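In what follows, structures are represented as structure tokens.
What follows is chain A paired twice: with chain B in the first complex and chain C in the second.
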Partner chain A sequence: MENFINASKKELLKLNEKFGWSLNSAELEKARAYFAGLGRNPTRAEMETIAQTWSEHCKHKTFSGPVELCIGGRKRLFRNLFKETIVKATLKLNKKWCLSVFKDNAGVIEMSPRSKWGLAFKAETHNHPCAVAPYGGAETGVGGVIRDILGTGLGAKPVLNTDNFCFGPFEKEKMPKGFLPPKKIYEGVVEGVRDYGNRMGIPTAAGSVHFDESYTFNPLVYVGCVGLIRKDRIFKKIKKGDLIVVIGGPTGRDGIHGATFSSADIDENTGSSAVQIGHAVNEKKVLDVIMKAADKKLYNALTDCGAGGFSSAIGELGADTGACVDLSKALLKDSSVKPWEIWVSESQERMVLSVPRKNLAALKDICGIEECPICVLGSFDGSGRLRVFFGNEKIIDMDMAFLHGGLPKFVKKAVYKPRPEIKHFTHKPKDYNEVLNRIISDVNVCSKEAIIRQYDHEVQGATVLKPFCGKSGNTPSDAAVIWPYAFTGEMDNYEGFAVSHGFDSQSGKINPYLMSFYAIDEAIRSLACAGADISRTALLDNFCCANPGNPHILGDFAMAALGCRDAAIAYGAPFISGKDSFYNQSKVKGKDYPIALSLLISAIAPVKDVRKTVSSEFKKAGNPVYLIGRIKGGMGGSVYSKIFKEKNNVLPPCKPREHMKDYLFLSKAVESGFVAAAHDVSKGGLAAAAAKMSFDGLTCKLELGGVCRGLRTEEALFSQGPGLIIVEVESGKEKAFLKSSCGIRISKIGFVSADEKLEISLRGETQIKADTKKLLSLWKNSLGDKI
Partner chain B sequence: MKIEVFTREEFASNEEKGLLRKLSHFSPRARAARESKLYIIDGSYGKKDFEKMAGNVLSDFIAEDFTAGKPRKLDGFVRVEMLFKPGITDVLAQSAAEALFLGGFSKPAKIVTGRVFYIKGLSPLEAQSAVMACFGNDLIHSVRAD
Partner chain C sequence: MKPKALILRGAATNCDMETAAAFNYCGAKAETVHINEILKGFKKISDYDILALPGGFSYGDDISAGQIFALKIRSLKKDFENFIKAGKPVIGICNGFQVLVKTGYLPENPCGERRATLFLNDCGRFICKWVKLKVNPKSPCIFTKGLPEEIELPIAHGEGKFLPRDKKDLEAILAGNLAPVFYVENPNGSAADIAGICSSRGNVLGLMPHPERNFFGVQGQKKEGKNFLSAGFMFFKNAVDYCS
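Let's turn to the complex of A and B:
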């Protein structure tokens, strides 16, 4: 690149725009100074490598950088926001069962002290690609997170996929040029997740879907994967002299600039070159090779080729040892691909392995059996430098230390302004039956069957608690429970694990700090309902945010991160991995459209005995029904408020230590066999939760007078505070249940009935008497009618 | 050579329901619809070779039928082809090339895959717009009505 080292600031910015690096002026200046020091201009490949390595996607420079947070005139400086919030909680909790955190492609926890297995868990976002090409974006998102699990430690076996989506309203059909309608994005994303997961033979059994206006131009697509890994294979170590071996699909011009793409807003001119289509069959071959090669201990380390391609993968693996690469040895789709394009191409389904020379022949044999392409690109040579050739032509020669440590840090300003609390109520419902009908058929509450049934959630034969439960398969489950015996081969060992999610961007619009508490509470509560051992819950944080250059957006984000730290400590649940995605913001005709701050909490916990798991549908007429927790006032962030434009925005308080005590009690009660069914009170409130438990033939009659003193009827029925769980107790075990509940806030609120009418009363007055068949029909068909 | 692979008429009703449901978002006037998988294959093969490829490798002989070198015969339908734009990964083409090789054919010089939609009730221009709106993405696809 001629004249780079003598270029002015303006000229550097022009080059930046021309080549799509998404670097800022301080970063460009740092690169200029480095090459000026070497007395030469950089090559195109060197600048592309810097752009990839320093991208938001690879370095998370906003979250891991310094932030000055200003709240009401008081300033606080975080030198590394991520370390002082998310990581701090994990360090403070210091759980022995966290085996690998924040180091590798995924976090790893212990299944149990006596088990030889660990659980690797990771969730990713693929928002920008899905906005422009939903099918390919979603497919490659799933493929990418599966490879993250494959690349954890010395290779984990994927056993569960998760999916969580946020879309704009389907009614929005006419879109500006360059943007796809939400319905079309939905169709492509669901098909992409379905096709990739199903073809890989991995069950997709946990997730959620959320709708909000703010996602109209920027959908969010979170994909996750859980893998099983032997405890003795959690750590990797590259040895000097190891060969750099690539297995998997050939390299093409696919996805050039995928990593730098995530550091920019989307506008009408965003192209599709950053997106490609996945090839699940190729990834399955890679998976099979890795499982066999891991058993034979043929490699010392591995990682996946994700955003940034070889540049990121080899750059990261060789950060300590240095690497010497010859790109002319790469298997190519097309001979016209330029050397720098080979280096940064994001062709999917490739893994990079660090292989001792003596093991290469054995690895090639396995690849031959699995029909998986393999090539050797060079070696980790111990030079401490990154040297890349194409035949005899040297295209990169840089210090690893500069590449990984040279990113300039600058303080970002964040401002948080608390929103005023509105305590008065503006809507007075006339008929609560009608309100329940509206709520149960709202897109954020209704059944997502139209999506979920497209996924194979039972492949591998290990899914104990499926997305829908009950004889008729109509009741939604709180969590997925997996018994991975098919992989472990341990038929007498009934240990498994449960996965759930928490998400509440509506409350985040009012109070981002509390939003984090709500999301964590919901995720842990759902695990407790399934009977998981929640004392060993581990969390993933996946933040999605608009442009952090706006101090108010970064201020909300910082508050949510602080909320994560405080909630994780209070609930005793450490974070083990996570990811952030910024710039989820679109410019349309000069106007910015940012997404609402969104935090997905994914939670995983072991299940001591999967046979004792309970589902959420009512089981037996006459069984008593209890409420765990106390209903609190406030309609903030509720579905009710959104539908009826209720201005009251009070968020019910969250008391983590009390809630956790309740959940631990429930978890033990499930394990002891006292509980027949349990379901958390989440979107739509208590009435909607009771309705959903009634979708399998039995319903309930409830009297809430004793648990909502001083509250309005709509608060009792539809508020969405944390801490609430409806529990059906086995009638013969009620005494034992109560005996074990000392100090727990439980209240008997009714009983299960064989009637077809769900009845909820307050102080003796019936407020809801609803036909459960009608409710089921509304709940099941609302989303289907819109597709 | 263009090869079209499609569901046999006796099994096509579910496929049609799905297509019409999607098309109804664009225009309620679409009355009938069919879809074919399209393979455009270059290589030194004779016509019989192409027919063998279609019959033995690319289609399921129980549920599907094919045409080689000519479009499906569907009276009163507008035919719309949807292909990837140049530079977009075509994984189906990669798999098809491998499958043909494993099926005993020499490796084709080039394969491109796409979808063909047959729609009754819309003009060619409307059908083209409908296919893009309902099934395509103009960032990665190109569509053309015959």
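Let's turn to the complex of A and C:
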């Protein structure tokens, strides 16, 4: 590139715009100064490498950078917000069963002290790609997170996929130029996740879907993956002289600038050429090669080619040793691809391995059988420099230290303004049966069967607790429980694990700090219902946020991050990995449309004995029904408020230490066989939870008078706060259940009935008497009706 | 001597692990082998006593489900035919059933030509759910011997609608009791609710539902009154017992 080192600030910004680097002027200046010091202009490839490496996507410079948070005039400086919130909780909790946190592609926890297995867990977002190319964006999102798991330690075996989506309302059909309608995005995303996950042979068995107007232009697509990894294969170590080997698909022009593209807002000119093209079978071949090569210990390290392609993968692996690369050795989709494009292309299904020279032949043999392309690009040469050639032409020669340490830091401003609390109520419902009908058929409550049944959630034969359970397969589960006997070969070992999620962006609109507590509470509560060992819960944080250049947006984000820290410590559940995605915001006709601050909490915990797993449908007429926790009232963030435009925005308080005590009790009760069914009270409140438990033939009669003193009827039935679980207790074991409940806030609220009507009364007055078949049909068909 | 079970896979054959685990549990010695290892002469089909073609998306189900895997198998026609003629058990599950149909081994016919297809589900898309199956006790199928009248297994496929070439073929299948399992509620539009078919000697079975996914009671969608082993177990146990 000519004239770079002598360019003016304005000229640099022009270049930045022209090439789509998404760098700011301080970063451009830093690059200029580096090359001025070398006395030469950078090459295009060097600038592309810097842009990728320093992108929001790769370096997370907002979350990991300094932030000055101002609350009501009081200022507080965080040098590294991520380290002082998420990481701090993990360090403080210092759990010895956390085997690898924050440094690898995924976090790893121990299955149990006696097990030889660890669980690697990671979730990603692929929001920007899904906005412009839903099918390809979703496919490559799934492909990417699976490769993260394959590239963890010395390779983990993927055994579970998760998916969580946020869409705009389907009613929005007419869209401005350059934007797809939410329904189109939804269809493409679901098909993409389906076609990729199913072809990979990994069950997609846990997830959720959320609808809100703020996601109309910017859908959110979270994809996660859990892998099994041997405890003695968690760490990688590149040896000087190892070959840089690439296995998997050829490199093409697709996905140029994916990392920089996702570090900017979307507008009508955003194209889809930055989105990669997926090919699941190529990735399955890569998976099979890695599993075989790992068994034979043929490599010392590996990582996936994700954002930034070779430039990130080789750059990261070679950060300590340096690397010498010849791109003319790369396998290409198309011979006209330029050298710098090969270097940054995000073509999918490629992994980079660090292979001792003596093992190359054996690796090639495996690739031959599995029909998986393989090429050698160079070596990790011990020079401490990144040198990249195309044949004899040198296109990059930079210090690794500058590339990875040179990113300038500057303080971002954040302002948090608490929202005023509205305590009075504005809506007076007439008929609570009608309210329940509306809630159970609301898009945020209704069945997502139309999506879920398109995913193979049974492949690998390990899915003990499925998305739907009961003899009719109608009742939704709180968590997925996986028993990976086929992979481990340990058919007489009943250890497994459970995965669940928490998400509450509606409450986040009122109080982002509390939103984090709610999300973490919901995730852990769901694990407890399934009977997981929640004393060993590990969390992932996946933040999605609008443009952090707006101090109020960053202020809410910072509060949510602090909420994560405080809640994680209070619940005793450390974070092990996470990801953040900013710039989820669009400009339409000059107006900005930011998404609501969104935090997905994914939780994982071991299950000591999968045979004791409990599902959520009522099991036997006459069994007593208990409520764990206290209904606290307040309609803030509820589905009810959204439907009926109730202005009351009081959020029920969260008492983590009390809740955790309750959940540990439940977890024990499940293990002891006292519990026939359990379901958490979440979106739609207690009435919706009781209805969902009634979808397998039996229902219940409940009296809530004793558990909602001083509350309004709608609060008792439909408020959503943390801490609540409905539990059906085995009638013969009620005494033992009660005996073990010392100090726990449980209340008997009714019994299971063989009737067809769900009945809920308050102080003797029947408020709900609803036909469960009708509720089921409303719940099942509402999303379907809209497709 | 334990019978040797060959779990034959290709790219994106995904259910090899759990199929191998099922045979191992029943006392066989399962070995998972890539079709290329056979094509290159590293392994021989005749060295095995049982052959399983597991579920999955072999070669991405490009062209149509199981088609490319079937073509690879056809290039070893003699070896496979000898295996079947020897009366050794062969089971194709889901994608494996699709492969057996596309190779022409099922429905069985003297010319070894392709006489049926497994077409796109009536609903037009992939379905994963549990289905009830009616077991035909009169079937010669060796895998389904001793099963109760009704069992449950999960299905997970996009192309599972069984369509024989014509009415005559369908009648022959029904009259010969060559359909050992029928759907109680047809999920995909299969002719005569057929969920699987077998050869006249009963040693070759292809079916869309997955017996390996309801092998242990704990795998069921119903979480009460579970037995340790479930209906799917019998499919594998029968094959292993048959060889012993």
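Operating definition for what follows: the second predicted complex is superposed on the first by the 787 of 787 C-alpha atoms of A that agree within 3 Å, B and C clash if a C-alpha of one lies under 4 Å from a C-alpha of the other, contacts with A are read in each partner's own complex, and residues count from 1 in each chain.
Basically, a residue touches a chain if its C-beta (ideal position, glycine included) is under 8 Å from a C-beta of that chain, and two chains touch if they have at least 3 such contacts.
Since this is a predicted model, take the numbers as computed values, not measurements.
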Which partner does A:Ile277 reach: the first (chain B), the second (chain C), both, or neither? first
Quick one: is A:Val610 in contact with chain B, with chain C, with both, or with neither? Answer first, second, both or neither. second
Is A:Val459 contacted by the first partner chain B, the second partner chain C, both or neither? second
If you stack the two complexes on chain A, which partner ends up touching A:Gly136: first (chain B), second (chain C), both, or neither? first
Between chain B and chain C, whom does A:Tyr485 touch in the aligned arrangement: first, second, both, or neither? second
For A:Arg253 in the superposed arrangement: first (chain B), second (chain C), both or neither? first
According to the contact criterion defined above, which of chain B and chain C contacts more residues of chain A? C
Pick one for A:Gly201: touches chain B only (first), chain C only (second), both, or neither. second
For A:Pro722, using the defined touch cut-off, is the partner it touches chain B, chain C, both, or neither? Pick first, second, both or neither. neither
Could you look at A:Gly155 and tell me whether it touches chain B, chain C, both or neither (first, second, both, neither)? neither
Under the contact rule defined above, give the chain A residues that sit at the interface with chain B and also at the interface with chain C. 279, 281
Help me check something: in the complex, which residues belonging to chain A touch chain C? 194, 198-201, 279-281, 284-285, 288, 368-371, 452-466, 468-471, 473, 483, 485-487, 489, 491, 494, 610-611, 613-615, 619, 676
In the complex formed with chain A, which residues of chain B make contact? 25, 85, 87-91, 94-95, 137, 139-140
Contact residues on chain A for chain B in the complex? 132-136, 173, 180, 183-184, 188, 252-254, 271-273, 275-279, 281, 347
Can you name the residues of chain C that touch chain A in the complex? 11-12, 14-15, 17-18, 20-21, 24-25, 34, 36-37, 40, 55-57, 59-62, 125-130, 154, 156, 210, 212-213, 215-216, 218-219, 221-224, 226
